[in-house]
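Two complexes are shown next, each including chain A; its partner changes from chain B in the first to chain C in the second.
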Partner chain A sequence: MKVTVKYFGMIAESAGRTEEVLEVASGTSAKDLKDLQVRKYEISDAESVQLAVNQNLDSKVELNEGDEVAFLPPFAGG
Partner chain B sequence: MDKKKLKKVFVQGAIPPEKIANSIANHQSKTNIGAHSIFLGQIRADEIDGKTVSAIDYSAYEAMAENVFHEIREAAFSKFEITCAHIYHSLGEVKTGEICLFVFTSSAHRKIAIEACNYFVEEIKANVPIFGKEIFEDETHQWKVNK
Partner chain C sequence: MRYDRQIKLDEVGVSGQEKLRNASVLIVGVGGLGCPAAQYLVGAGIGRVGLIDHDRVSLSNLHRQLLFTEEDPGKSKAAVAKLRLQQINSEVEIDVFEEPLSIDNAENLFQLYDIILDGTDNFETKYLINDACILTEKPWVYASIYKNEGQLSVFNYQEGPSYRCLFPKTTRQNISCEATGVLGVTPGILGTMQAAEVLKMILGAGNVLSGKLKLINILSGQDQLLAISKRVEEIEKIKNEGIIPVRIECKISDETKFYLDIREIFEQPRINSGKVLQIPLSEIEDRLEEIPKQEDVLVFCQSGKRSKKVVDLLKTQFEFNNLINVEGGVETIIDE
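Right after this comes the complex of A and B.
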């Protein structure tokens, strides 16, 4: 199944892109995808990275076809 | 709530001081208001390892951020007896000394206006997916993290 992955801030810089569509096995959780991408793009300080699945901050959920998964570095608004 | 009713928070570049003056003027007809509280976030020229910050380039997960701003508004209106509340945050480059965040709360009395304003600022800093690239005078950069 396909999911859309978005990268922001320093993570987009490490990944060299802001968005990509990935093919993932069914049963893959957001956490599994995070571990894969952290290794692939050598994302530093992975503990500080939060994942939002369809705009909800929850990395435990299992992914579904068409989900939007955002990799969010620490927030810096204000 | 209808998404079309989401208030637009993001503005491109710095928030001009005229916008703040105009916001104050726009409330003069609302005579049930007795107190306004205003917070302005300004870009600080931090010195880090001998280099000085000259600007912050803001980006955001805009769709999620607009929804989180809306949730914060809803929570603030249920917590505090405020008459109205306005939030503006910059996207893109904002130079040191310029304004990047403008929160404006109004109430019949000062304590509520002040508490609500503070609530907005703390919630925005903690929960809205906004990212800041601190650009130094030599054009190198580092990523800002809220303390």
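Right after this comes the complex of A and C.
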């Protein structure tokens, strides 16, 4: 199944893109996807990164076809 | 009369203007976010505005902190801001605190105001604001910037989520606007939106951004609104244990080597071990005599870019041949 992944802040720089469509196995959870992408793009401080699935900041869910997953790092500039 | 154009709105009216006059707001940090927020809140006729900032104006602030002028570098931000804000609206009472927000003063200060506005640029102070707001039962308006992106939310409003519900774990990657660069308009837009959230809360108008995180991208023009779930345990922990300080400090991995940290003092993580001389880039040419010439000195900053410039400058102009740039920046020399 296909999911759309959006990257924010410095994660977009690690990934070299702000958005991509990925093919993932059915049964993949948001956390599984996070682990995959953290390894693929060498995202640092992964524990601090929050995921939003379909605009909800709760990553304890199984993904479905067409879901949108946002990778959100904390940042503090001002 | 001065407030006529906003009193005309149904959301304000004469009674709304009275609410604004009876309200008080504390602005923590009078920088890129705090300046525009203060200008609009004072313009709108908030009764009392507090400004807390220990920092001084520098020339590189002027492109985005438009309360300050070319006459101000070196002067206290909070004091200068008060002068300018009083010229905008002399009816507003303005309190000035020329000190850092700390675990010792946060709760007492917050008690004096209805709403707290976060104009800070580091995680330690954002968690401090969060915890002190939980303990004093005050809502706060959060904003953060990374390059051309911004985050905006209202925390601790009417039993809503807190900053710890959004980010229970922090990161050591505190990258300031000074380090990454930022267009002046980005904090201008975010700070102005923070002021709008303050006005909405006081007036009881519209939908306050509580339980929601607004993401703004100045370049793409694409904004997002995400729902934040409340983590009751994060809030209860603060109510039970009090403020939990977030210290972003690290140990250096090789304590035998001599290091020169040229980052500004607010840049994190701070290094608290080993032989590390700390001279911010802005002071380096005045403090050359402190840098040893007899042993190897590893120079580092956040990314390796500024430290490379320093190594080149000191070598070509001041005959330092013992300096080595740490190419990957601070993250490559600290213990994980």
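Odds and ends about this structure:
Basically, the second predicted complex is superposed on the first by the 74 of 78 C-alpha atoms of A that agree within 3 Å, B and C clash if a C-alpha of one lies under 4 Å from a C-alpha of the other, contacts with A are read in each partner's own complex, and residues count from 1 in each chain.
The rule is short, and it goes like this: a contact is a pair of C-beta atoms (placed from the backbone, for glycine too) under 8 Å apart; a residue touches a chain by one contact, two chains touch by 3 or more.
Just so it is clear, the model here is predicted, and its values are computed rather than measured.
In the superposition on chain A, A:Asp58 contacts chain C only, with no contact to chain B.
Once the two complexes are laid over each other on the shared chain, residue contacts for A:Ala70 go to chain B and to chain C alike. Contacts of A:Asp35 after superposition: neither chain B nor chain C is touched.
Comparing chain B with chain C, the partner in contact with more residues of chain A is C. Of the two partner chains, chain C is the only one that A:Ser44 touches; chain B does not reach it.
Of the two partner chains, neither chain B nor chain C is touched by A:Glu20.
In the superposition on chain A, the residues of chain A contacting both chain B and chain C are 6, 8-10, 48, 52, 55, 70, 72-78.
Those residues of chain C lying in contact with chain A across their complex are 29, 31-34, 118-123, 126, 143-147, 149, 151, 166-167, 169-177, 180, 182, 187, 190, 213, 215, 220, 224-229, 331. For chain B in complex with chain A, the residues that touch the partner chain are 41, 58-61, 63-64, 67, 89, 100-101, 121, 124-133, 143-146. By the touch criterion given at the top, residues 6, 8-10, 18, 44-45, 47-48, 50, 52, 55-58, 70, 72-78 of chain A touch chain C in their complex. Against chain B, in their complex, chain A makes its touches with residues 6, 8-10, 48, 52, 55, 70, 72-78.
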